[in-house]
């Protein structure tokens, strides 16, 4: 049993992993590579030219098997990489171990420093995030690859406080906007400024750009840019069609029932499933339930999405209308307090409640825990029965966090290939054409979005039709694309 | 049997209609009103304030029962209207007759001049279009409501030729871009300039704007605007979500199988259906076939749409791959020569071929007719068997034109309500806020798009959820909408 | 305009038909033949051996284009045939005319006597039924091919009354079980006994068997047999898998939406459809609505079918639960009074009501008509708006009779091919193996049921797998079938 | 860590289980009870009258959480029970432990002897089966509850050999019909006869009947009966509609994708899935794949099932046609050698192969292992990559055994409730009406089948419609059922 030297970089801090874990992870990575044709195609196309040579990428995405393939694609294209997870629970330890060890192949010769394990504390989480940005020696990252924007946040906050010369004091419970987690960030930066009062300023100056793949992270970037505070250009990968309409919809269609099954083994067929929200995630969720023979009802605040749901054959209700009848309650909204404690008390006995949207505040877990006399029993990890004083109970998945990651293994590789191919292309775009991107938030050109799609067709046996010259002229497009106006909705 | 005086306006020209036709049409209009809640809601909301008082609208849309409800909504809001169809076959004579006669109600007291009948010649078609723009006396239209852009085209060409002082001579077969139909337009304008060399210039000057609802018409508007030749502002109604993602998808889902059934009575279940194109129309078509138990294969030129088709469970093929196996061939592309004569010769015996995309050039009808020895037999109107010399034959619907209009009655009322509510709202917007719209092409503000959706929810029993203040703040939106960023794809 | 001599057989009785009608019908028959591979395969297989030579078949099935192909298949196998429709509305006149004229081909050289037209009176209906049983000269039919059992009924009643020596007097309104139609039957037989008091006895003696294809007709046969009154053997074609699980389910899936569309043009997508009954017909109906994006709720009396509906994702309700919400109400039960006048009064404005089960008593049309102050308006043939005194109204299709036949053209050819291939095989079976079938009610041997299926696979591109010897032994079946135990449910 | 005394009954033989396992199992049993309304309803209905008092049941079904609810239902109705699993891998140890410990409730006061654990050897398996039949002291079982017929087989073979006075000598490899497993059975019986040469004869004499729930077990029973060798009456539970059309179809729809997901995490959407067989299991499998957006192709030997597949929209192929294209290969046939080693060599790289039909001989695992140069790598338990000499590989699930049990947790509780309610009702029927069942194989009366369905409706929110007197008379049925003729197929 050998400890992995990479983890010794910060002595005593990172958990020891064993080589058998890495071996298991390597098997899974190898199988995942087969399911990630976009990334493998990029290795084939760009491996020889090494467009990311010189790139030093600080990466923060759930440290899964699929992310391992992403990381090793980046290194295969010439980049140096350091990695953290963007969620305390989502690391697959065998994947992390395998990446640390490396495959001994040209693409992954010696391993990559990974600062992530399943079940970090929040404090450890932010220390890990710091580690991917603070490189050994007088070297700094020059690119960020982000999911949720935490790495980007740390750089911006660090630079801001260095400019001010001081880190604010911790917030106190009761303060407006108080957040325990924010205090942890302040702590990390306070220690940092003590050691080097210009560290983040130098890092920020060196970073050429960030590529970000979530709705939430993108939202933060637009806000920063509108406030004039964005320090480097950003590519909004989230709004590539091949990300938002694939990962969100088809990924959820797969991983929602997977999560429910592994957690509960409860039949969906014939049951009533309530889905809050009919955006891309909600569309995938509703389709998944329907595909299993469940009846699906949907709630929406947006009348356009509501009309889509109705026309797709789903009854559009308010939660109050069905709270006593539904068997499953799934949130997909990105909003808060979608399911309240009051709602949960009104549910029928043994109803299953889960979130697959974004933050755990979609379901009011705090409110649930505060019900007098309620008892929480762990059925198995990430599956809890909450028993009300009257004896009825509900089953809550993953403590209100993303159930597909908490109760299953997240989206399947093929879907992540589409998302991550956008990431790699965006990294190449920003790193190699830095002068074409002044500070701002950009979407990938449509032709690159189409390229991502193109790289995934063969694996599905799909044969694309090619426009002849006359047809392309008739349509007024290039036969190689792009094919649609910017406002086209797919 | 009384002839309708309105048709006598241009003596001897318009076909005589009888009152029993109008009675039948009125029944259908009354039933359609029930299915067009958006339009009826606008009557209720805006009837009292008469926002279109003073509007003189030249309207050109298929003269169907649904359009009758549109026309009478415009008049109920105060407008004066003259109407033509935008297609030589699509008029439902009983609807036209009923609109001409009027309902004797406040909304439709005395009837509206309609210049349309089923089965116009192309020459008659352009004369009808002229009639909606040339009003009696010294009165001119000040708004255009268009579908395909023919009314808009006539005004622009008329004004252009008046500026030049001359109408070009007719093109000759063999000239580049020669079109028999364009010669007919030139003829109309030549006669017009002879009578009044400033007529179109005055019309153009008076028109405050056009609202246009097709992809093709919108494409023309953008081209005109880019060339600096657009004479008045335009609202692109086509790209409202509640138009393009509803009419195109859900309307086709309904009217495609309807057209095929009425034409052929051939079972779809268990058969192989080839759908060319997986845009909104193709998506609706594929879903319709699947809903009937057919196997569906799809062709695409756009890799993103191709990947969507694959992920939705449809095999993506080239036409050549399945030309000998498929039972149905449906085009939805908006492109030309999608099905060639060569393709048709390779199809299996009794294959059914139809177009539901746009122009009849999606299928090479001319090439089919030119095959030596081919024989065309009319099975019934709009259904023809084309027998190849070897005895095999194929069935072509509506001579390659839109089969849902040619073989059935087009989209159902509810779907058209969504499209037409956009039209009416756009007319109000342009007419009442003329100063806010400099010459250019606009889409409706998202909040109005949402309003259209909102007006159709009750009829489907859909109950919208309302954001509370905290939730709206959390999302950074107004609780009344709009809810999504502009680039959101639904 | 030439009258058809065949119709002159009973001078002045049958409507004159013109040859252009026959020409149109022949086109449709030719196209239908392509969609009826089972029948065409039987022509190819049995044409040379003429197994029905000597058979004189009295046939009673809806006189449609598909039945024309059936009739001409029977004659192609050597039979002599006379035909009536089994429903006063279901004849397609052009099909009848074409059969009467014949095709001038070996299969249909000179035409077949057909006693049927669209819109018979009930009196004419029973006279037509008599005509197929009473052949010219001293010739009598020796086989019956029946749908609903009316031909069989007439023979049994005729023989019974001849045995008794008298036809009972007509029932009077108010008598228990009084039926106006039964009086018409008594009238036909009374006239017959006056002319020849042993006619039906001789006919009954000569008939070797009947093949019957409906649930209702089969039910009558089992009752006759249990009562010891059945006069000749019967094959229950209805319960062949390739009949009941195909015609009923897949035929309805096609023809239900077709009928609704042609009748109303009302969107199904997003609407709420109530389907009474979840047998094979109900299963097909529910699938059709779902395929169009409607929400479907189902009522059932049988808990097993109810559980199937629930597991297939349909809410199982009582009609009362949704009577005020549903947009469509469709009966498929074979039961009476499923939708009462009281139900209809409680429906929402403009609800669409139709029956696709069997008799028109599924919907209480008499009760509807008896509501004081109700007004019935014909929107178009077979589509009526019934306006209640309060101004609300409902739309009733085909006056409560089978809407797929009344508002559209019934099941498509391919489905009918499966049913009719069973009929022909059953006719051959009974006619050529008469000694193997003592009086009784039989189902076709499973291997013949499988044969019917087999004959329809090629047309759908289906390739059957063949058991090798080891596998067949392992399963304990013959590699040529039959493959399943008798109680297998498919 | 306390050992469970029950397991000490046969000292040293059964693995020690700890109480924490039993606690976890009890949680799961409690949740499963909520999903098994049929069994809970039987407890409520029959608990007071104790119809199984005096029954001594030898039970052999996969020892899962659901089976625990079954066992405790039997004891709640008065039975004494001993239990074994019918599969070496399918025991859920926590469920077994909980049953052994008991719940301390009236239904399950002190626990039940269970002879089963996950991962038995075949030899242990047959010893466990012996244990449920050989009770301590001079007590013998009087009922068998069987799944696959192994318990029944042992009794019949034991009695046969005792009659012969000798157990045959072991077969040798190369003998016709040689089976290593059969030698193990001979070994068990040889030891038994040595100890007591009339043991099985006495057991057989005392057994009043067996209820059997699998196709295979039922097949054996019919064979025994035809051979005149059946020793006691049997109820064929498998062919209750609420078993074969529920468990097989809806259970598989749930547990097939569950098994694939847990095993591979590979996306199904957009992929090509080959399903061998379109019986009830195949129907459920195909629907599951389609519901996830996969394309599905089906192979069949039975032309009727093949036609059903085609009409349901699945392409019917031979395995050879798609062996190089499909991504998933699933067998559902009950036949042998459906996928051969040759097939597997022709599959595309990383294809996933699994069986959900019955025995592991559907896939030729032995042939696969015998390919020269092939390498088998365990990715994780029950998931193996088989690498061919050319470097390509395939993934085989559960070593060719039932993947839903091997890779997931089998059918969900609700579905098993339907099957097991049939079992309990059949036990009551045979035990309490022993005189009505001479030796033979019976199906449950339809009215009891309907009762099983009825007990599961409430939990799905389904409301049954009740026939009124007039309607019941019109249909000729009792308003309480049964509703359908015996040959009705549902």
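Think of it as A, B, C and D in the order they're written, each chain with its own count starting at 1.
In this section, contacts are C-beta pairs under 8 Å (C-beta built on N, C-alpha and C of every residue); 3 or more make two chains touch, one makes a residue touch a chain.
Predicted model only: the values in this text are computed from it and were never measured.
Enquirer: Counting C-beta pairs in contact, does B-C beat A-B or the other way around?
Expert: Answer to which pair has more contacts is A-B.
Enquirer: Thinking of A-C, which of B-D, A-D or C-D forms a repeat of its interface, with over half the contact pairs identical?
Expert: B-D
Enquirer: Report back the single chain whose CA centre is most distant from the CA centre of subunit B.
Expert: Of all chains, D has its centre farthest from that of subunit B.
Enquirer: Roughly how many whole angstrom separate the Cα centroids of subunit B and subunit D?
Expert: For subunit B versus subunit D, the centre distance works out to 59 Å.
Enquirer: Let me have the rounded angstrom distance from the C-alpha centre of subunit B over to the C-alpha centre of subunit C, please.
Expert: 41
Enquirer: So, what's the distance in Å between the C-alpha centres of subunit B and subunit A?
Expert: 42
Enquirer: Give the residues of subunit A that touch two or more other chains, as numbers and ranges in rising order.
Expert: 250, 269-270, 290, 293, 307, 310-311, 315, 460-461
Enquirer: What residues of subunit D sit close enough to touch subunit C in their complex?
Expert: Interface residues on the subunit D side: 219, 239, 241-242, 244-246, 250, 299-311, 315-319, 321, 334-337, 418, 443, 449-451, 453-454, 456-457, 460-468, 470-471, 474-476, 481, 483-484, 487, 489-490.
Enquirer: Would you tell me which residues of subunit C are touching subunit A in their complex?
Expert: Residues 269-270, 290, 293-295, 307, 310-315.
Enquirer: For a test of understanding, state which residues of subunit B touch subunit C in their complex under the given definition.
Expert: 24, 27-28, 31, 34-35, 65, 250, 253-254, 257-258, 261-262, 264-272, 287-288, 290-293, 325, 349-350, 377, 379-380, 385, 395, 408-409, 412-415, 460-461
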